[in-house]
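By letter and in written order, the chains are A, B, C, D and E; residue numbering begins at 1 in each of them.
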């Protein structure tokens, strides 16, 4: 549609309009600032300005002991705090060369999958809100509330849970833990159908999402995109299957993939992932092995000098921790591979040639959390 | 209904103001608007006489003039946009190709 | 009872259909797919044909003397009063259509054959560029031709006449990138202009003589207001103001005939037609064989009333026709281009028609026109099919043996060849025989030899030559050994259905077309002649315009046998020369090298024209050039230069001080004056608006003053 | 008495109904708009599994008043580079247009400001369309990218959809044969059927177009908060913002009223000519009484005594209204009041239903993108409306000239129009498919790399 | 009396805002004042009982043409133009000419004021109450006697539309 000659020429031959989207904008999910170069309403280029939420998490790690740093990771992707904690704990365990006991692993899996559902619910609600559907957000919050209640009952916190400890768990599952999870899962089947009814077949929704922000498999791989963004482009890559961690090797589940790599496919992939997570939870509560919940780790952690990289499949994609130990109680260097940050790179590629309204949809579909992007 | 002269004076005043606009303003868009004003002044005359003579023909013509004004505005603004795109100006004294 | 009905009332639709599609094609045809182009164009001609046929049938429904339908659409040119035969007349040229037996025949031929050729063109032009352009021109041609034959007055006829000329020009030059095609188009156009000048002068003379250009006022509501040539002529003859052989009538007839010679390619203006074969073959078939070139015949037949009163003109027509017939036939003998042979054949046959007209056998001429359009169209289309099969080869010497390879073409082609050769019972036999019969009947038996007998002899010989060269063509193309270039041989293919089906239909017509006018001696009434008779009836038979000869049975048979015999002779000769002993013809040619050269070079007519006219014009311009250079420049200018030098010396001071002073003064004044004037033209529209307002103010001031006075008086 | 005073008195005597109506409209519409906002919020909350405003007054019944007070006393911020005069005028224009257009609407047989205006419906459409200027000038005057984009969007949108709405109304007007508001309703009484049943497609088009005209979801692009923050209202705050807001809701009332008048039988009750359905006349009174009864029921459950009293008050008001509605039915001499009172009731009920439809759609549907919106308008609704106008015209000719059954003729038109609609939709799908297959290829990524850290 | 008040009110508004329109520096302001003028003129039409023209003026002129103007003014951002000289060099000549014109028309109108049945004091032929319904009368005339001009006007609009699209289209 636009050839190169038209590229430099806007509607009236005047300069391109530069529109500042954010950092205070309802749909940049926090404090992302996107400078849009516009011709009329068509995006000619984007430039992300990030760092408004930078807290120096990685630097803080160098001045805290291993246990002390654990709560900090919850503040990165604050809508999926449990997953962050899991990744960190497993990374340090790998560094220490210890393993959590089986009971702890199963409970960790349940919690993480619940967290995945919660994270996707937040994504769904805000994404729908960005595209103009008001109601799904509240339904999503309603369901998420159930999950947060389980979290609260388990560890006393709702959002930044700090649920796991290095080497296992601190808290035993409370009495009606299985029952609560089961009730939620049973209920959730019906609830997810409500979203499908509201959105999946809606022609406006399809019109707004299909063929918007298309990413091919090659582009995804080239950009390092991961998680649902990658899978929606047709790449069947999920660390839970590829490099099983926690207790994932014990459960049967499918990895949903898309075909077109557009916003609609990402929506469908995430919806299916919620169903699959629910199935994992149901399988897991069937049989939570008895036994200790804490592995053999000392009060003071002094991992041997060396370095380790461990990654898990967080709700938003591959979350990796690279930890360098110099043998002291504090890590020498921690480097985190945040999925949101990497996925955000795809924004420019996805948004070019689309309209402003699509930029909003694309930011939504990338499912970024600025806490994680900026760290 | 009042004597026709009132309407004629009003019409004349609007016409002359429009004419002043056409011949003194440099901004072509304002010139175009002044032309609309002139057309409007004509309409007042037409409708007033139509009322006086109890014949709606005048109003028919007023309607035609409105249609004509629409056509004129559309084309005029199209020209202005095209001109602005090429020359980045809307000042009439920079449009001086009507020579020879 | 007057003719009426849907088709007659919608006579105007007949030319309109092709016009609409022509406009469509020429405006947006480029964007249309080929299927749409063919659908619209062929469809429109078919609709025309249907309407024409319907109109003819509705016309046939009434008694013969009432078979005239006139329809005046609007008054076209109304210059008002002009001097006419009885004082001032109100000259009106209307845009009106006339359907009488004569135009019936023409309109059926034009739309029918035209439709078939259009269908054929779908196949023939299928792979050519400019498809829409071709069909647009073809439809424009159809419109012009229909206007020509349906026109109810000479001026409208002239519009059609020029229209077909234009289309002919456009279509001859259809492959305008080819220089020969473009030149041929120009040639046709220029040669036709010569004829048209005469035609136009003839129309002017008619208009001043009769005060009208309308053919007839029959079936018009107000015959007085709408005077017709026929009626006026009749009245003038009755009043004795015009008589048999009146010079003015002869002048008119000759001038019109000049036009006819141009359009119908008669001696001496025939030279454009062979070159016109540069156009696509369907064009040759439609325009340069079946329809346009017969316009002259039609026109002369249409003005038969005048011709019948102009014996000298009649003789000229007959002699020119006969000359053309034999002249062109002899040229056709030596041609090697398949289309050129057919072109000369066409000229020759047109000569036949004029021969018929010239001896007063108008219906026979028209009859031959009709049959000729069938078989000549068929011949051209067949030739096109052959060319198509041979991927563009036109040289007879590189053909041969195609009889069985392209059967759907060769069989109809044989029929057409037999028809043109005059073999009974095919169409050509009847028409040709009727012409020859009429010519012979004009022969005054008391004299051993008069001009009619001579003309008859020419006709018979021509018939023989015709048979000869046509079968020469046929044998060379279809029989004998194949001389086709080997690389072409494997590509020989039968043409598509859209091309062969029209051939078959035309073959059928070539067979049966002649049966409309079975000779009287077979116990048949001459249906065709009777049908045409009301339209061709002269003003007064007893004046002696035409002596209708009486056929005796014996003489009739004798004549038939003569023409058939000579045709057979021609065929036999062709068989001997080209099929039985294929080498023989070159020996014959070698035996009479001069004659052969003369024929091959077409009697050097083009060269003669070049030498006589074209080069004379060039010489004239060269001479002017020489005069310019030598006389004017040399003597005049140089001498004057010397003189001027002398004088200029004298005048220099005068110039410098007086003239220049004045000039400079004038310039200064102008310059000074122009400064304020220039200020007005700024190029900025609002300053023009100020001027408009200023003018308004001045006008208003002037008139307002008057109004003020009026109002004061009222008060 | 001075002649001037006499003239004034004469004027007032002649025009008192109109004057009163005008004053009532100007005074009441803002209040009503406020309560429509409350209704919207409560409905939205209900559909979204929450409670909505509950704090101010029982069940948040006083929320609009609190909002109004808040907005009134809020600081009036005018951006630095704004064109102050235009910035000041724009919301007023928006509000004035909406209120003025209400002048020609008949809220019942006896309640109309501009009585018997010859071009009533056109007046409503025309004047309400002037509201564009409020939006476009406001957007321009704010001197902000978001504002001007919202303004341009809304101008384009309003102009486009006004055409569709106008054409849809033409179908109805063809049936009515007049432009006078009252005559339109009378025509429906005469026909014995609401025009929505005779021209359902036209009604549908008008519903869609009127949603777009009032900038409501799913067509709320000019103020789409997720894209343009608040569109043309971005820089507005306080009372000016409230004016825009009121204008918008007043506009909803206007389009609702137009739809009601033309398609839903105006102030006529359902089955206006059917005698045995006369019991419906009792419905208004019963309905209000039922509302009052519910208030009484809820009054006992209020946590605070003030709220209990308040609920009692509301219940009382409802009963009074019910009484007013009931008395003319019961007391024969007052029978003449029935059409006026009940007409207003029905009219308002229908408008409420119409607005409820708007709200429902807003809570349900995502938002269109701008190009999709334009395509819907220009490629589907306008052609459809044109076809519908033709079809209705044909049907009327069939009925009047050829004596067809009215329902048969109208059914025919509807079928034709629906077939056209299907055709247009298919065409649009094809176009969309073609457009997406030719979607712009992703281009070179920008050279500025902001991911360096 | 009421008529007079209405007329003078609207006439005053019309002339005042017309004057402002011509003199404003900012084109948007000009547009706003032109809108006011047009609305005031619409009021005059209503006062003349020409309801249809009144509403046509509002819908077409104000709601259509002026929106277009405002739209275009926004598109061709005129920030630069604000700081340029607003009146052309010929303004004094222009004013003079206009003044002359005004004088002439004024004199003409004024001089005819005392002639009964003429010019200035042309009497009211049809009382307001007895006018036929305006819309119907207009429609009858429009689609009867003036059908051809009506069609021509529609063709004109079509042509203008096509022309404007062609001119304003982005050349790619």
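Points to keep in mind about this one:
We take it that a contact is a pair of C-beta atoms (placed from the backbone, for glycine too) under 8 Å apart; a residue touches a chain by one contact, two chains touch by 3 or more.
For clarity, every value in this text was computed on a predicted model and none was experimentally measured.
Separation of subunit B from subunit E in touch steps, taking the shortest path, is 1.
Between subunit B and subunit D, the least number of touch steps comes to 2. Ranking C-E and A-D by contacting C-beta pairs places A-D first.
With respect to subunit A, maximal separation of chain centres occurs for C (centres as means of Cα atoms). Centre-to-centre separation between subunit A and subunit D, using Cα means, comes to 43 Å. Here the CA centre of subunit D is 31 Å from the CA centre of subunit E. Spacing of subunit A relative to subunit C, judged by their CA centroids, is 87 angstrom.
Centre to centre, using the average C-alpha position, subunit C and subunit D are separated by 74 Å. Counting partner chains per residue, subunit A has residues 12, 14 touching two or more of them. Residues of subunit E in contact with two or more other chains: 52, 64, 75-76, 88, 90, 94, 97-98, 101, 105, 119, 134.
Subunit C makes touch with subunit E in their complex at residues 684, 686-687, 690, 693-694, 696-697, 700-701, 704, 707-708, 711-712, 714-715. Subunit D meets subunit E in the complex at residues 7, 11, 83, 85-86, 89, 117-119, 122-123, 125-127, 129-130, 132-133, 136-137, 140-141, 148, 151-152, 155, 159, 162, 179. Contacts from subunit D toward subunit A in the complex involve residues 44, 47-50, 145-146, 149, 153, 217-218, 220-221, 224-229, 362-372, 432, 436, 438-443, 445-446, 448, 450-451, 453.
Against subunit B, in their complex, subunit C makes its touches with residues 681-690, 693.
Every residue of subunit E that touches subunit C in the complex is listed here, in rising order: 88, 90, 93-94, 97-98, 100-101, 104-105, 107-108, 111-112, 114-115, 118-119.
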